[in-house]
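All remarks here apply to the structure that follows.
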Amino acid sequence: MITEKMRAAAKELLEKGEVETVIGWEKGTFWYNSTPAFISKPEQADRLVFDEFCANNLAKYLLDYRNADGKIAVFVKGCDARAVNRLLQDNQVKREKVYLIGIPCPGMKEAPKTGAAQDTASLPLLAKCQSCATPNPVIYDQLLGDPVPAREVPNRFAGVEALEAKGADEKYERWGKLFSECIRCYACRNVCPACNCRECAFDANGLNWLGKQNNLQENQMFNITRAMHVAGRCIECGECERVCPMGLPLMDINRKIIKDLNELFGSYDAGLNLEDRPPLGHYKLDDPEKFM
Amino acid sequence: MSLNTEALPKSQEVTASPEAAPQPWEPRIVGFACNWCTYAGADLAGLSRLQYPPSIRLIRVPCSGRVNPQFVIRAFQRGADGVLVAGCHPGDCHYSTGNYFTRRRFLLMQRLLEYMGMDPRRFQARWISGSEGPKFQQVVTQMTEDIKALGPNRKMRDVE
Amino acid sequence: MKYAYYPGCSLHSTGIEYDMSSQLVAGKLGVELKEIPDWNCCGASAGHTTNHLLGLALPARNLAIAEKEGLDVMAPCASCYNRMKTSEVAVKSSEETKAKVAEVTEMEYEGKVGVKSALEVFVKEAGLDAIKSLAVKNLGGMKIAAYYGCLLVRPVGIGFDDPENPMTMDDMVTALGGEAVDWPFKTECCGASLPTAREMVGLKLVYDILTMAQSAGAEAIVTACPLCFMNLDMRQNDLNKKVDNANFQLPVFYFTELMAIAFGEKPAKTGVRKHFVDTSSVLAKYNLK
Amino acid sequence: MRRTGVFVCHCGSNIAGTVDVERVAKEAAKFPNVVFATDYKYMCSEPGQQVIKDAIKEHNLDRVVVASCSPRMHEPTFRRCLESAGMNPYLFEMANIREHCSWVHPDKEKGTIKSIDLVRKAAAKVVKDEPLQKSSIGITKRALVIGGGIAGIQVALDIADAGFPVTIVEKEPTIGGRMAQIDKTFPTLDCSACILTPKMVDASQHPNIEILSYSEVEKVEGYVGNFDITIRKKARSVDMSKCTGCGTCWEKCPTKVDSEFDMQLGKRKAIYTPFPQAVPNKPVIDRVNCTKFRTGKCGICQKVCPTGAVDYEQQDELITEKYGAIVVATGFNQFDHSVYGEYGYGKYPDVITGLHFERLINASGPTMGKIKRPSDHKIPETVVFIKCVGSRDEAKGKSYCSRTCCMYTAKHATLVHEKIPGSKSYIFYMDVRTPGKGYEEFYKRTAEEYEAQYIRGRVSKVYQKGDKLVVRGEDSLIGRPVEIEADMVVLANAMVAREDAGDLARTLGISYDKDNFFTEAHPKLRPVETHTAGVFLAGACQGPKDIPDSVAQAGAAASKAIGLLSKTQMESDAIVSNVDESRCSGCMICKGICPYKAIDAKLITERVGGKMAERQVAAVNKSLCQGCGACTVACRAGCLNLLGFTNEQILAEVEAVCL
């Protein structure tokens, strides 16, 4: 249903020449994966699909088209749309150079444990979708289908609160164990729409902010710095955690920061609109005063 | 070029002056001090001969807003037992607004470090004005005592 | 609409007319009033001056009972309303106070329900349109001074109307076809607590209010407080005796009485016959008998 | 490999008393990149500096560390020393082993170890020092004054007298401002107009002063020394070059309108000058009220004008000019007391404000100087003054003291006594504050000789009773309520910022406080500067002020502006932020953080994949940057760096002290 509308929309845009590329999803190697698709010809439109496995946040691919001559169309779910707002607010893409086709998102499913064919309805929702409060795109030029009703979202900070309650050493040991597993593949960074620097501080020559050794301390430095860099800017798409090959609970860090920012400086959800600026980019005279 | 840490004599080695008895462990606190308030406050503590433990090493920055949270992590990594970030009181910033950003950044950082398992007493942020020599003395003394009680920091540390 | 009804001591005694007429108006407006079971004194006049915590705890107990039923409270008496509102705000704004009050009352009041005055419920919430549509009689331009007294819209910041120039009752009078006179003594002190201890001071305050209302052209005063009512109504005869040239015959009404009459109730049922100052002639003048 | 020299100072016994300076020098010599280390009795002395200069030559040093006192003390001294030895002065660091070590740590062993650490830190930083240069910019020798009240006029006269061209932009049709509305001035009781109008004339005739009345500042671009300012000249409907100010038009105009200048107590015409001594003395048409503009009919003024100056077709005109300095002198407004229910919400006509009263006592005012009640023109016998209306009242008004009201109320009471025989004044007050030359004496005279009765307490209610106003309050000194039947009540309303002050602040890029007054750069030491270089403040736009204070501040602001304009080139500090454009992604988060508006986006062109592409990056204006470094932390990629305090330098220091 949505798939057909997608194809029709992409075809029309490409035929009329309104956009030069459409970014969407297509079926991957297995029935349970749908991967990003980049099409530039109307006849390729039939490759596009929208199903329970279109988890990839497509917004970040817009960065690859910074210097494109024409417009780029991209399909956006709720989280992708917030990611587009992130990129717009960070001046990384120009609104007039993108065409956004919104898709209300029913939530994406986890890949099955085995490849055997099975009923997708029985598969659990992805972790990132379970706590999603914005399934409907918050910015778009065209919306396919009707908005989906807001999902009942459990307290998304429950995990953070449980961790906060632990003792200092227990916390340190837990994170230490997790961070020593980090292989510093930077997949979390590469997929993150808030990590949109031209050159990451960790890649730059001469800055010397991060040692190249893969050990606990450097991994700590990397993970804490990554979290601080997206502080107040994270749109909670959960892609970092989803793509982590070591399964590190990265959203536990991002959410901790979001929770603290909300408590300290007032509630803020990044990427919902373009007007509200990230909390670390400004201040209030009456911010909490814990320092003496 | 980066600093060749291997080639440097370690302070522990330097301490071994022939006639001196072996020194007990002293905490090592890295302090970031803004030039206009806290650094001046520390200068005033000196002018007033206010004694405090020789645990702190101040790094002068123009404004507490210049202190990058990564400097703090790097200090712990390299062996600091405690880190202090200090600047002008809100409203007194020489650059008018720098410390408001400091306040936001380090309120957040403090909570994050605690979440990572650091004892919050090891990372402190304080407002110390140019006239608050006694406050500088008191903050350093207190922090040194706290950290002495906690013992040397092993967390996030990569040099033994 | 359903409210827990807190009559307080007045509405069961000296202010019985207020109770009678409030019940009538509630019935007409479709407001269900359920009297708070086992209610206690609100602590006005004596309670809060002896002990601050007692002053908070007494009304909190009544609020706690109402909270169990999930109902907001309607307290027609301005004094009861003021005490309950104070307790409500204190509990809502401090966890510490909440805990202390709970300890004293041995009842949990979470601050989930609050208190409203009868004026708020019958005029603000019901709305002037509803009042107009229910009115079968018109006050016919009767000139009325709306008198709110000192407690009803205070303290500043938590009341439901402007503390210096409240308009809720004036709007009601206008909606019923009366003429609300503009006068400056809407929130003056009526001296209700004074006549026993310092008679002349108390009488002077009543005298000033009555004189000002008369000079503004009022033919009647309308109020929403049983203490003000009693004071203004009962003291007129006293004044006429003790003050040279005084000859007051200024009828005083509860706003609910006027509403009930306009809604078609027989004046006798509303309680206007129980007043000290005769009300029948002014009602007769405007065909409201 | 750098060649660093380390110089350890004894400071007599100040350092050497508790620090083994020889050992410090000996250890320092072992540090990487250190080729020479020595100690000396007084490094800052002439011979001490000579030691450094000689060592630079002898050992071919390219970096210098001095371990001595606080850099806040002698950093400039040693920088000059390096410069005179032919080195770039920024290739230098200090280790503060006196204030931060020898004076506070009596244990010599521990103090010595700490000193060694501090020298190691400085030596680690110094190898990462880069030669820095100061930059300079040219200056447009011309000033803009916004606001033509007494402060603005004074600023303009002072700057113009110093020989620089000045433009006054005034949004009203005439300059003069609030002072023109005032009748007499305290504490001397000399006539306000008599001392103001000559200054207005001076301004209009000064060859260096241009007055743009009925004009507003629309846009401000550029920076100190080089502002590009767009001014909107509102359509007067009168051709200034033709009009002679003869007055025929406003004599014949049939439309009467409440006069703003007379606080609505008097009338003016639809074509008008606000008052007879207006400068320029040429009228404007109030298009909202003019019959010609409302209905298309009338046109009398055009018919009667002997020079054909009336032009109904005139349009607003936008002009853009270059200025080197801006002085803001936009003044104040009166607090709107309609929030005070106890004073009748502004609905009693005989409850008036101080400025109304000024117009009532002014000989050229609507009552020809006779004090008459607005309601029935009766002469009041009892006048009650209420002070602190909106001032010192956090609940309903402003938290601050308006500073002028005590004095002008005393003045008003004096004038009531003088002008109305047998009259009586009562003044309700919280405190009487008279900090000014001759002020206390004036107040005393008012109370004692002019028989004004001061009542300490607040007024709880003012109400109409017959044709009297009853003022009820408390005399808190005797602890009793008081009631006064007055004929007129005069409120001393607070001075508040102009309602559009926030907009102007944003246009200018200056900051303002919670009450919308413009904020000075430092409350004590830089009271007339703003945080935006080249923008200065004068008068009540910065906070409540009386005339002497406004004029004094105007003089100060003028001298700051003159100081700036008298330079040909302006030198800026070398410690500034620097953008690595190749890595900057142009997110501009830094822009919002800079308090000096020194960062802006710029477009650069580069070759990408065989074609030219434009890209946005951040650009630091080196003359505006003050070197706080807040932006560098906001920059995630680390491509903003503060020269002299780079990320690399600070990290090197961290590593050095953590060893």
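The letters A, B, C and D name the chains in turn, as written, and every chain counts its residues from 1.
Here is the rule we go by: contacts are C-beta pairs under 8 Å (C-beta built on N, C-alpha and C of every residue); 3 or more make two chains touch, one makes a residue touch a chain.
Everything numeric in this text was worked out from a predicted model, so none of it was measured.
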Geometric centre: closest chain by C-alpha means: D
Chain centre separation (chain A, chain D; CA means) in Å: 45
Separation of mean Cα positions, chain D and chain B [Å, integer]: 36
Rounded Å distance, chain C centre to chain D centre (Cα mean): 53
Chain B and chain C: spacing of chain centres that average the CA atoms, whole Å: 64
Numbers and ranges of chain A residues touching at least 2 other chains: 208-209, 280, 285
Set of chain D residues in contact with two or more other chains: 593, 634, 647, 651
Two or more partner chains touched - positions in chain B: 69, 74, 97, 101, 105
Every chain pair in contact, whichever chains are involved: A-B, A-D, B-D, C-D
List of chain C residues in touch with chain D within their complex: 156, 162-165, 184-185, 212, 215
Interfacial residue positions of chain D with respect to chain B in the complex: 23, 27, 30-32, 70-73, 96, 98-101, 103-107, 109-114, 116-118, 120-121, 124, 127, 511, 519, 521, 531, 575, 593, 595-596, 626-630, 632-634, 642, 645, 647, 650-659
Interface residues, chain B side, partner chain A - complex: 2, 69-70, 73-74, 77, 90-91, 97, 100-101, 103-112, 114-119, 125-127, 155-158
Chain C partner contacts - residues on chain D that touch it in the complex: 340-342, 344-345, 395, 461, 463-466
Touch list for chain D against partner chain A, complex: 514, 583-589, 592-593, 601, 608-609, 611, 613, 616, 634, 636-639, 647-648, 651
